[in-house]
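Labels for the chains are A, B, C, D, E and F, by order of writing; each one numbers its residues from 1.
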Amino acid sequence: MNLLPRIKPVYAHCDLPCGVYDPAQARIEAESLLGIMNKYESLDEHNKLRAVIIKEERAELVKHHLWVLWTDYFNPEHLEKYPDLHDKFWKATKQAGECKHHLEPQEAEKLLTMIDEIAIIFWATKKA
Amino acid sequence: MNLLPRIKPVYAHCDLPCGVYDPAQARIEAESLLGIMNKYESLDEHNKLRAVIIKEERAELVKHHLWVLWTDYFNPEHLEKYPDLHDKFWKATKQAGECKHHLEPQEAEKLLTMIDEIAIIFWATKKA
Amino acid sequence: MNLLPRIKPVYAHCDLPCGVYDPAQARIEAESLLGIMNKYESLDEHNKLRAVIIKEERAELVKHHLWVLWTDYFNPEHLEKYPDLHDKFWKATKQAGECKHHLEPQEAEKLLTMIDEIAIIFWATKKA
Amino acid sequence: MNLLPRIKPVYAHCDLPCGVYDPAQARIEAESLLGIMNKYESLDEHNKLRAVIIKEERAELVKHHLWVLWTDYFNPEHLEKYPDLHDKFWKATKQAGECKHHLEPQEAEKLLTMIDEIAIIFWATKKA
Amino acid sequence: MNLLPRIKPVYAHCDLPCGVYDPAQARIEAESLLGIMNKYESLDEHNKLRAVIIKEERAELVKHHLWVLWTDYFNPEHLEKYPDLHDKFWKATKQAGECKHHLEPQEAEKLLTMIDEIAIIFWATKKA
Amino acid sequence: MNLLPRIKPVYAHCDLPCGVYDPAQARIEAESLLGIMNKYESLDEHNKLRAVIIKEERAELVKHHLWVLWTDYFNPEHLEKYPDLHDKFWKATKQAGECKHHLEPQEAEKLLTMIDEIAIIFWATKKA
């Protein structure tokens, strides 16, 4: 008897684990990048170092949340309707990488705009 | 000359890294718990196992986001105004632990209600 | 037949995974913070940077170990007997955050004292 | 005097940290997926559970290594020369997700083929 | 002017970050393994699954803490005095791996004995 | 009925999860260390800080991949044939630690040589 059988699931697998996705996860981390950049100049040397360490982590989290959204949520039908979807994600994750290299708030603002464009598409597909 | 001096910061440290907090981070993970529990019964055995693994991670993330909010965002003035703040966080993080032990959707729903109560306090302090 | 049934456990869930908690986990990381701060001034610039990176991680680990102890180990009966338990954990985790912002050894010493106060309560509840 | 100034770097930022990328990182994890699937049936129940846990992690690592390669290594010139690059990465990371849902070795073999197609493009761009 | 110069440190590098090591870190995780194994039979199916997931993590943490101790704390003089040091660490980390494969408490007890033997050597070198 | 029985596996446990090991994992991270060190001098201050942060992570990954290879792949028969195996791994992981403390490329080159010596032994045991 095989207690944990190797069954090919008949259920739509993209429904597991939960169907819960939200571009807010990437946005919150990107807002954090903007906050760090806005405060950077006013910090003492010790906290400037810390700001760079934390900025590195936050930018990586933006990338991660965007990658998950791109691979796990969006499907071929979405792509057909939004043919620049791949490019939007590629450029947004590249911009998150830019935020690692820069301290100018406009870099984080640019990232936020790119995430918002993705969010608009996301919510349009959810309502569809 | 000391390039990275050991200066006592005169800046309010809670202003670093970014001042960005959002109870939505905990809520999204808790919604994921609810999604997993709602689908659990309809999954094949292999994906049931996976659901338990993922549920464990999501519940831990709920705890983490709540702990950060409690320790890093809230301050003594908030506590004076909301004296049951500690207890609300303690019970909500304990409830996230309950969701590790259970598969009944009402456990995740109870957690969501507790997070929402915290979110109401959070947003009230932001507007104040 | 339901191989992995959705049973409400009759066992006290706080007994899983293992019942093993030890404030020493937080203390060892806090000792590490003190060690870093004590050596900071004698380090060259490259290792000063590294010290800040490592200090950030250790302080986060102190927080994590304290949070787990607070949420997972302590129960309502403990709280009734030690009504300032919430406040002790809140202040200790906030002090771990202070150690991220500071390089003065007395900040880590203050943290160690706070952890020791929690440890005394912990061991008293274990013997009870 | 500003010790850690907010300078716009004149150096090509894609040159940091190191210029070292290798599709072998994704491939090794995918081989691990195949190894797990090939042995799954011969394992006892306890190790079957463990296999599912480990498979989940390995598949996530495949995704991560592919995402990094896509965002950090490839640039607009590469994309112009290989216009299906986005699609190849999207489908390969989706297939890594499939390997979480399945236990049939052919799913990992399919993933390996997709990684190899990406590796061919990668090495062609390195020689160019 | 080179603010962050590439100086060869004249300080004993093993003194950074902190000089704080403690075999208690590995021991606490191993006690957790024993706790899980002792309770395993009395758990319902859902928590049995959880126990395997948690056991996997705890065993990995034992390995990690032992590896750090072996590489970072012990030095050539220690090795000369305790020539079986390498073998003791190798066998202890392998035994932590065994605990991933097994559910019998004696496997965790064997691991605890091996950690204690290492701890005796550790404390002897600290006093020397 | 015991659905997830506590069976002593009769299968060689070292065959799980997958039998896939490859010293390339450690080598790629060490190449990254070399890349970082080679570029360090040409970076602006902000990216110099980032380089130290990333170097710290890469060196830790080298250690991790070597530790896993040492504990999980190599067995007593290998050790009998290559009696200096323990020492080679100890010194290589210590050298990875050195790369955290240094910025001179020769430190990473020394590490690469040590990894290559291990790789030669590894591949000899695979062919045997």
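Heads up, the rule we're going with is that a contact is a pair of C-beta atoms (placed from the backbone, for glycine too) under 8 Å apart; a residue touches a chain by one contact, two chains touch by 3 or more.
Given the structure is predicted, the values throughout are model-derived calculations rather than measurements.
*Asks:* So if I look at the partners of chain B and the partners of chain C, which chains show up in both lists?
*Replies:* A, E
*Asks:* Quick one: superpose chain C on chain D by CA and send over the rotation angle as a multiple of 5°.
*Replies:* Roughly 180 degrees of rotation.
*Asks:* Compare the contact pairs of D-E with each of A-C, A-B or B-C and report the one sharing over half of them by residue number.
*Replies:* Equivalent contacts to D-E are found in A-C.
*Asks:* Chain A-chain B contact: same residues or different, taking over half shared as same?
*Replies:* same
*Asks:* Roughly how far is chain B from chain E, centre to centre by C-alpha average, rounded to an integer in Å?
*Replies:* 31
*Asks:* Distance-wise, how many Å sit between the C-alpha centres of chain A and chain D, to the nearest whole number?
*Replies:* 18
*Asks:* Provide the list of chain B residues touching at least two other chains, using ranges where the numbers run on.
*Replies:* Answer for chain B, listing residues that touch two or more other chains: 3-4, 6, 9, 13, 16, 45-47, 49-50, 53-54, 101-103.
*Asks:* When you draw the chains as points and link the ones that touch, which shape shows up: line, ring, star, complete, or other?
*Replies:* Basically it's none of the tidy shapes, so other.
*Asks:* Under the stated touch criterion, can you name all the chain pairs that qualify?
*Replies:* Going through each pair of chains, those in contact are A-B, A-C, A-D, A-F, B-C, B-D, B-E, C-E, C-F, D-E, D-F, E-F.
*Asks:* Would you pull the chain E residues touching chain B in the complex into a rising list?
*Replies:* Within the complex, chain E touches chain B at residues 3-4, 46-47, 49-50, 53-54.
*Asks:* Can you check the complex and tell me which residues of chain B touch chain E?
*Replies:* Against chain E, the touching part of chain B is residues 3, 49, 52-53, 56, 100-103.
*Asks:* Applying the document's contact rule, which stretches of chain D touch chain A when the two form their complex?
*Replies:* 3-4, 6, 8-9, 13, 16, 40-41, 45, 48-49, 63, 67, 70-72, 86-87, 90, 93-94, 97-98, 101-104
*Asks:* Enumerate the contact residues on chain D facing chain F in the complex.
*Replies:* These residues of chain D touch chain F: 3-7, 9-11, 13, 15-20, 22, 24-25, 28, 31-36, 39, 42-47, 49-51, 54-55, 58.
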